[in-house]
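The following blocks contain the structures, represented as structure tokens.
Each of the next two complexes has chain A plus one more chain, namely chain B in the first and chain C in the second.
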Partner chain A sequence: MKVVGARLPRYDGVGHVTGRTTYVDDVRLPGMLHAAALRSPHHHARITHLDTSAAEAMAGVHAVITHADVPLLVYGHLSGGGIPGDEPLLAKDHARYRGQPIALVAADTVDIARAACAAIDVGYEELPALFDVRLAFDDDAPVVNDAFGNWYDQYEGNLDVRQIRKGDIEAAFDAADLIVSGVYRTQSQEQVPLETQVCVAVPEPDGRLTIHTCTQAMYFSLGVVCSHLQLPMSQVKMVGGTVGGGFGGKVDTASDTLTALAAQKTERPVKWRWTREEEMLASGNRGPWHMEIIDAVSRDGWILGRKMLTIHDAGAYGRFSVYGVTKHSFHHTGAYTIPNLHFDGYVVFTNRIPTTAMRGYGITGLSTAIEVHAERVARELGMDPYEFRLKNANRVNDTSPNRIPYEDPSTVEVLQSLASATGSELSDDLRAMTRDQRSADMLPDHLAAQIGSGGGH
Partner chain B sequence: MALHRGKGLATIEYPTGMNQNGDPSQAWIKVKPDGRVDVFSGTSDIGNGSKTVQSQIVAETLGVPYDWITYDNSNTDSSPMCTGTFASRATFVAGNAVLKAARQVRERILAIASRELEIDPEDLEVADGTVSVKGTPAKSMGVDEVAGAATFVHGELLTGDGAHLNPGAAIVDPETGEVDKPPHAAISYAACAAEVEVDDETGDVRVLKLTQAYDIGRAMNPTLVEGQIEGGAVMGLGFGVLETCYPYYPSAEHRGDGMSTYHVPTMAELPEINNVLIENPSEGGPYGAKGIGEMANNAQPAAIANAIYDAVGVWVTEFPITPERVLAALDARSEPRREGRMVAFDEELSINSFSSTRTWGA
Partner chain C sequence: MELTVNSVSCTVQSPPLTSLLNVLREELDITSPKAGCESGGCGACTVLVDGQPRRSCLTALCTVDGAAVVTVEGLGTPEDLSRVQQAFIHHYAAQCGFCSDGMVVAATAYVNAGGSDDTDAIREALAGHFCRCTGYVKILEAVAAAARGDELDIDSTASSANNTYVTIAGAES
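Showing the complex of A and B:
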């Protein structure tokens, strides 16, 4: 092979580092208007009235978009997967997080658009807000999400929890020499792309819309825009593919639909570029995760069983959170094989910005929790951390939490390589270990029942 | 005041492709009359380098120089469907689509060359932009000549299309979580070792060194792989010790609203980073590739937390591990509750200490 495996320079790298790449914000068109958003100042409020007439009457203002202008106000990001939508494109009766968009103004300049936002007359009745996921289940907790309540309740139709049940968890805990529990809480993280959310939408003479987009997923976003606008895909052309940094948050399609609506209404090109403050305070970030792990372990270092409770702080609306928790549940044993499992995972809603996909979605906090817990267990056992991890490592035909045999697991190899690279001593047995299917002393009783000749169950 | 050094370890795995699969990508390719190749793919390049990697796959598969490839992912009118750049899928899933399209083009090139050279296509090979007869390299013609012949002699367009879809694992048993087919395209593995220095007076944690071993299936472009895992390491460092949208979580107040009030890692925090790339080719990835992008920030936070324990003997399990949290842990020096075979850490954080309706655990 010559090309694959070669250290070739980035295809478009020169343009990026010399400032010659055309990003969305570099698109400037004759007659282009500029947009600004009115956002909720409250974490949780009923919107009692919304009057845009003063803003619309201002010189230089071409359109004000509200919920009434959106053909399909609520469209779920996971609707294709059977998960109902819950988030309106613009708030209608309720604002459920500080920063939620209520209206978009298109005007000759950004300054005029912002002044017009300030001139929109909105009445709010503040409501109690919920922020601590541990209180979400209580009877007196404020209700955050009108589609699902305080936690998502429609897994596979009607379950309110993502469950994993595998093996015989009670037997594993009965047999344990040590039962180690811990609680791990990982935090919300900003995406921080250099390019903030930005869009330029252009109404074409033939009635189509051209949308210059910063999306990470042009066809997904095409589907989102066409669903809200109730248009066939032939009527919208997404132009993009070169993104000024995206870590998951630009799957959200946060600016395209509203900018397109403004372009339709004004029949002018419209640009909506979020400020850095808006990017920080109103765009979807990585969600916080609350994870409680209890491991049943044997004195000689086997993890016999795991009970785990996960509560994902999704923010005010679902977006991709159900996907995130399901993925999390499928991987909650990490790089190890644990035959007996009892996992409960919840998507809990709070009055904060809806969280969204971000690099490592569903797993970053999980890996953090699992690996600190592993270290604690190893220390409680007085066992070398490499040995503990290698002993429990995924091996060929071990099965995942959802009972899929691992085909080519590399836990053993990456640990051995890391030990070599850091000069850590491994015993001859650990050095000689391979990923191959367990046998003899590597196939202890607690695993034998689940690992047959053909793998699987 | 004293500085304490410690070492910690973490091992992770991560799926390639959308969880439960079902995420299609498509591509098509056409060849200009001089043999230069236009690739149309719907994959957005978010900085991950997918333009580069997909162009490499096409060049390798066709047997033409890399600089013959023009890659166009600029719009949804000319590029076919791609679900998007997320879920570590651009190299594996979308890469398979361009691979399949390129294989079709290669067949068309060989078919035209076969007619021109009067040799069976099976006896021909392509490399470096030249079609030659196996074992008789002198008998050959350039891919540019083949494309010219296709256009002007045979009246044909050299083109190909490809689509890749790992069938969706749609059925999840709601009771057990069992799925009907694999929910991932591949799984990648990595391990990370951290070395830290902790100041027991200020609580400041300095990450001195990260050593990382990644099984990436196949390093399509080692420079880009290193970019991903070093960039990811810095993001993991931020997640581990610096960054939070909610400094007083669960409170939603006091959010940082800019680069000066929300602290991402800078050059000042950058540790020494050493990488080991392991190539354990995947079954179904193009040239054995697996996804690498998303797992790259997952191993460092725990490795750092474990190194902090090694350094000063306290566990911090609320992230990020800020100086305040380190100092609080050093002040408390709390031991887990030990009863018989039970060892219970962090009970003050548990839902059991907060909820009036939910209890959880043993």
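Showing the complex of A and C:
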């Protein structure tokens, strides 16, 4: 074996321990300005007026950027993939979450930029805010999102929900000996990279822009910047790859676009580094998920069918949430094979920070729900949880909720290792189990129909 | 005010209440101390002040007038790495590296003070230093190795010129 167990050279090891690695905040340029943002203090408000003249008149202030300066104000992180845009780069008439940027000031020092933000005159008319996804569908719920209302409504076929329908769910529930339901809710979580969001944008003499970025998604961010700024991609050079931690929190293009705009407007290099407070308050975090699972189970421990309702809290704008819920829907049976499925997943908007990726986007909270639920079903059945899990484990040629045959599922081996690591006894049968396709005589009727006939597509 | 930074004496112009972190980063362009939180919470800005680890973000310039300040740049160079730096490389204790400057500085103070390889003692010495990437295990291993004075082979882990896979004994099978 050439790689596993080998000591691979680390190309950045020496730089990291000698202070030589250059992160975005370490980029030094002559004449560089510093930026600070004015952010909404309200969760939901109408912006009644915005007057930046006092800030612009302050000594040391070089530019104040507002919505009026953005060539294409509203764009969506998935617009490149056909999802309509919903998020203004800077708030115009409405602030939809606390911490939403309204203006960016570029000044000689950060202190001046912050003082100038405080000198911007903004009028707000506070509006009722929505925080609980369960109330989003009520007739009297505050309306959060301009483009979509309170939930995303433009899936294929004009559906307002991500659906999976597989097999015959009613037959599965008719055949069930036991029906087990549970509601699982996971909380939001900030990624907390040690390096906060930061960008340095540099106007080049030939009119192009160089952007030193902390993004985790270089070409993606290039597209977002060029779209808002209405620049051809040939005019923007992104320099990145040295990221002080991201964990999903630097997939959103948080600081590059506004910094680039400030550099364009001032014709000076501009740095915008978020404070830790801003990072916690206003950068995209892992969203909360509301998951309801109802399983139809046979007395001998097969999961015959699953009905599931998921409500994902996207925060105020869509960002990647439509992708997140789609991925979630593909994984909603987890490590187990369930042939009959009825899944509905909603992307719901609330007056919270827009949510984004974090280590297993759409999956991590889901796995908690699936595993806690599996444990409960096993208990209800009076069955050993390992036996229950192994019985329903994904095997070669079982199909995922979106009908992809598994070529290499590892559920069986993972459960066996887990049992041995925790000193749990497995029967000889379970110890001998492999990931191989179940032999026809082992198949229960419900899986025979799925696999025996070539996958139940 | 006067500071000796990594053995170089400098006269600094920043106002007296400027944080040492900003003096180092913005006036002297010494960028290894990182502004992770600027409120004493993360440890990324740690430097040695007269040999003692200090949060530079909470240290006002006027309180360290005349002091000797050492940042990670002053501990060793790529050609001449300190024991702690070698141990961090050998044990892969730096992932994104953003916490490493502060970690290496604090670990150096610990090792220089004769700290042992006892895990609890190392945890205590590094308390308040946050790392979001490594899960800390590799950092504890590195500091313990430096405290013991382990013989380290960093050539296989540190090379940037030679990007070939290096196998260790027993891995070739």
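As a working rule, the second predicted complex is superposed on the first by the 441 of 457 C-alpha atoms of A that agree within 3 Å, B and C clash if a C-alpha of one lies under 4 Å from a C-alpha of the other, contacts with A are read in each partner's own complex, and residues count from 1 in each chain.
In this text, a residue touches a chain if its C-beta (ideal position, glycine included) is under 8 Å from a C-beta of that chain, and two chains touch if they have at least 3 such contacts.
From a predicted model like this one, the values you see are computed outputs, not experimental measurements.
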item	value
Partner chain in contact with A:7 - chain B first, chain C second, else both or neither	both
Which of chain B and chain C A:21 touches, first, second, both or neither	second
Chain B versus chain C as contact partner of A:323, first or second or both or neither	first
Chain B versus chain C as contact partner of A:72, first or second or both or neither	neither
Touching partner for A:418 - first (chain B), second (chain C), both, neither	first
Contacts of A:273 with chain B and chain C, given as first, second, both or neither	second
Touched partner set for A:217, first chain B, second chain C, both or neither	first
Chain B versus chain C as contact partner of A:241, first or second or both or neither	first
Which partner, chain B or chain C, touches more chain A residues	B
First (chain B), second (chain C), both or neither touched by A:147	neither
Touching both chain B and chain C, residues of chain A	1-12, 192, 243-245, 247, 276
Chain C residues touching chain A - in the complex, by the definition given at the top	29-32, 34-39, 41-42, 44, 71-73, 75-78, 81, 84-85, 88-89, 92, 94, 96-101, 104, 130-133, 154, 156-160, 162-168, 170-173
Chain A residues touching chain C - in the complex, by the definition given at the top	1-23, 25-26, 28, 191-196, 243-245, 247, 273, 275-276
